[in-house]
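What follows is a set of notes on a single structure, which appears directly below.
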Amino acid sequence: MKTESRLIRGARLLDPCTGLDAVTDLAIDRGRILAVGELPAGFTPTEVIDGQGCCLCPGFIETSFQGHTPGSGRDGSLASELRAAAAGGFTSVLLRPDTSPVADTPGVIREQQAEAAAAGLIRVLPCGALTPGLRGRELSEMAALLEAGAVAFGQAQRSIEDTQLLRLALSYAADFDRTVLLHPEDARLAADGVMDEGPLSLRLGLGGRPRLAEDIGLYRDLQVARLARARVHFPTLSSAAAAEQIDAAQAAGQAVTAGVSIHHLLLTSQDIGTFNTHVKILPPLRDARQQEALRQALARGTLSVLSAQHEPWGPDHRGSTMTAAPFGIAAIEYLLPLALNLVRAGLLSMLQLVQRLTTGPAAALGLPLPSLAPGSVADLCLFDPEQPWEASANGWSVGDNHPYRHWELRGAVRLTLRDGRIVHRREP
Amino acid sequence: MTGLRFGDGNPQYDRQGRLRHLLSIEGLREIDLLQILDTAESFLGIAQRAIKKTPTLRGRTLVNLFFENSTRTRSTFELAAKRLSADVLNIAASQSSATKGESLLDTVDNLMAMQVDGFIVRHPEAGAAHLLARHLGDRALVVNAGDGQHAHPTQALLDVFTIRRLAGPVEQQVVCILGDLLHSRVARALIHALSILGCPEIRVLGPRTLVPPEFASLGVQVHHDPRDALPGASVVYALRLQRERMESHRLPSLDEFHRRFGLTPERLALAAPGALVLHPGPINRGVEIGSAVVDGPQSVILAQVEHGLAVRMAVLSLLAGVGGHED
Amino acid sequence: MNSRFDVDALLNTLAEQLRPLVDPAATAMIGIFTGGVWVARALHHRLGLVLPLGELDISFYRDDFSRIGLHPEVRASRLPFDVEDRDILLVDDVLYTGRTVRAALNEIFDYGRPRRIRLVVLVDRCSRELPIAADFSALQLRLDSHHEIKLNGPEPLRLEVQARESGS
């Protein structure tokens, strides 16, 4: 690695680990943070960056990222999607195991790491499938997956129907002290629904996925996790009742964390309008009441992770009907300006927002907490919170499946640094 | 918010507010709905002539694009188009490129390359007609001939046309729709059409598994017992019950459905004297409706078919008449 | 303006021209919507025709359909007699280009094959674009294309000349 050293001058530093929120200088040397404020005598950076008017914080961490590696390439791959994530200010992403083939063998985990290394951008955190093929019928070889580099286990967007198998899988995973990511949903009740069950699904004649399916699934998963003494994380919840259950479980001391996607905080099922497939997502968008409850739960910290829930789908999926279109929104490169809406609405402080994007997900995944303290790894994001822009027709992601095309975006990532090295730079 | 309003979110209308496609009754202005019905009155007489044809759409080519089997709807649209002197291309997608994996829009683009003027589309998935209309814009007209469980606007138009003609003003009717509402695009479309025309009372009737209470959000009264739903009804509309509903455990048996809800002469007697009986066809005799009622004096089921032709002629001529297809 | 023309007198003139040439028991009369129907009603009454009056809406037969579409108000055509081998008087208010009459002839032939059709108009503008001529007219009027003559009604009937609105 080149011995780059940088000085970022006059940015507002936001460190959720220490609570620091102040305008000062930050020096980077040999991939680590060298100093904050007072600089060591004789420090001569190779680059000085003017950070005035900008915020500087640890790089964001994503807990739900579909990288399509391995995959066909039609819908993007780690090469394209990690570039999009870097543009969004992210420095680490947990890969969803529902790739093709599924990340249930050491070979797949190694392939993902090799692809990421070749891309040379940000960190990938492979997540092994909890059950082979995510089918929920038997246990994966978890030790082998960990040895290959997996940092957690998960089921992506498939719930395990067999409760006994869920109990065994969580018990077995608990041996390794890793987080297990679950998709809480009663599969039979959710059936083939493509949107929230309610008046709109009735009017559009589309199969509904009742909220109750998540509430029941979550209850079961929480109880089984407690029985198995497993640490679990629910990446994106969608209902008020689900947030309340997390509240209660955390109050009772259970090792559980949960997150919410930015989409569920900004959109509701009404945005489907007349069959807008770009807002088809799992769990489905709900009504305004659920949205408000999720916002409040994020604000008070019950939901400690704000997720971009990145799921790109390439141009071959354009022109699909609501039923045929795949679930997912690809907007990781627009996450920051979208999320700043929550700060502007007074829901979160700037520091709290950064916390939900950095230490929140790190804690959920059992990773070391990122910080700006000297000695920390220089995985950083420098952003201008006011810069206005618009989502271009062609973003970094291969996926164009997002509903934010004509939104007025305010706030842009200027620099993303990984190990002190610039992996994304946007000229002001 | 809903995206179903007139204007941007409603792809049925162009920027000048003219009806370019017929995709769903929901979002249709009352004035357009009435114009279709009034125009249909004029076409009704044409079937009685020696030459049952007008030159209205001479030189136009319309495509019947059916991704689902339907002899009745397809043939009435075909006949309607032919009586307007249009050329009609029938494409049954089950035997065509769709089974070879070609997408809906690719199929349509290929046909557009042959300079066709419009598509009458039936598709098993909700929103397919909207997708087509958004794709085509004002290059060709789109008539939704049924999309999944979403909408079937020409059926609703012929239904209200029949009610208006044979029962009287819609504003004075009490309409009871019975059967499998949940999976019925016919019922959804009819409820919207009746609401737009000011029907004061719409009741829906069936077991909770097929008529969930959420139907109240459409502004209808939800009933699960014929003795509550039928008294006073001046129009009784029986929906076709599909056998798949038993396989999905929504009903114990067709016999039991008939026992509870089947429209028999005894049940029909609960409705207002002389109440009209409608059915979209095809009929399951002895399931949702008994033969004595189908063939009885109150049944106007065959009149619906006749009206369907006039209504479809009206829709096609009105949509094709909006400028822009030619130059 | 409207005082210039005595519509009643014009109708009487037409009726007198027609009277020796019609058989009230067998001749049928058809008016073209809207003005033609008003004129036909008046003539039908004056001539004492036995067969009920026919009414024709030619919207579906217009040759400019693809350019301007359907008239917002389409009425049902109604020919309450057998057209086959019939002697027919076709009535319109104004004969201008001849296109309306052409459409009407097409439509009548879709009902059957009449023995003879004669064209009766209140006003002949003497500027036809098709080889279609009136057999009977009460008034011949040459107007430039910037003016139009319009029959307003139904009660009372008034014949008015107006400057054409620009752009139409």
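Order as written gives the chain letters A, B and C; numbering starts at 1 within each chain.
Keep this in mind: contacts are C-beta pairs under 8 Å (C-beta built on N, C-alpha and C of every residue); 3 or more make two chains touch, one makes a residue touch a chain.
Nothing here was measured: the structure is a model prediction, and the numbers come from that model.
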Check your understanding: What topology does the chain touch graph have (line, ring, star, complete, other)?
Key -> line
Practice item. Can you figure out the chain closest to the middle, judged by Cα centres? Key: B
Exercise for review: Provide the C-alpha centroid distance between chain A and chain B, rounded to the nearest whole angstrom.
Suggested key: 44
Practice item. Determine the centre-to-centre distance between chain B and chain C, using the mean Cα coordinates as centres, and give it in whole Å. Key: 39
Exercise for review: Using mean C-alpha positions as chain centres, tell me how far chain A is from chain C in Å, no decimals.
Suggested key: 75
Point to revise | Two or more partner chains touched - positions in chain B | key: none
Study note, to complete from the structure: Contacts from chain B onto chain C in the complex sit at residues 35, 38-39, 41-45, 49-56, 59-60, 84, 317-318, 320-323, 325-326
Practice item. Over in the complex, which chain B residues touch chain A? Could you list them? Key: 1-4, 9-11, 26, 103-105, 123, 125-128, 130-131, 135, 147-151, 182, 185, 188, 212, 214-215, 217-218
Check your understanding: Tell me, which parts of chain A touch chain B in their complex?
Key -> 198-200, 202-206, 268, 270-276, 319-324
Practice item. Please name which positions on chain C make contact with chain B in the complex. Key: 57, 59-61, 65-70, 72-78, 83-84, 106-107, 109-112
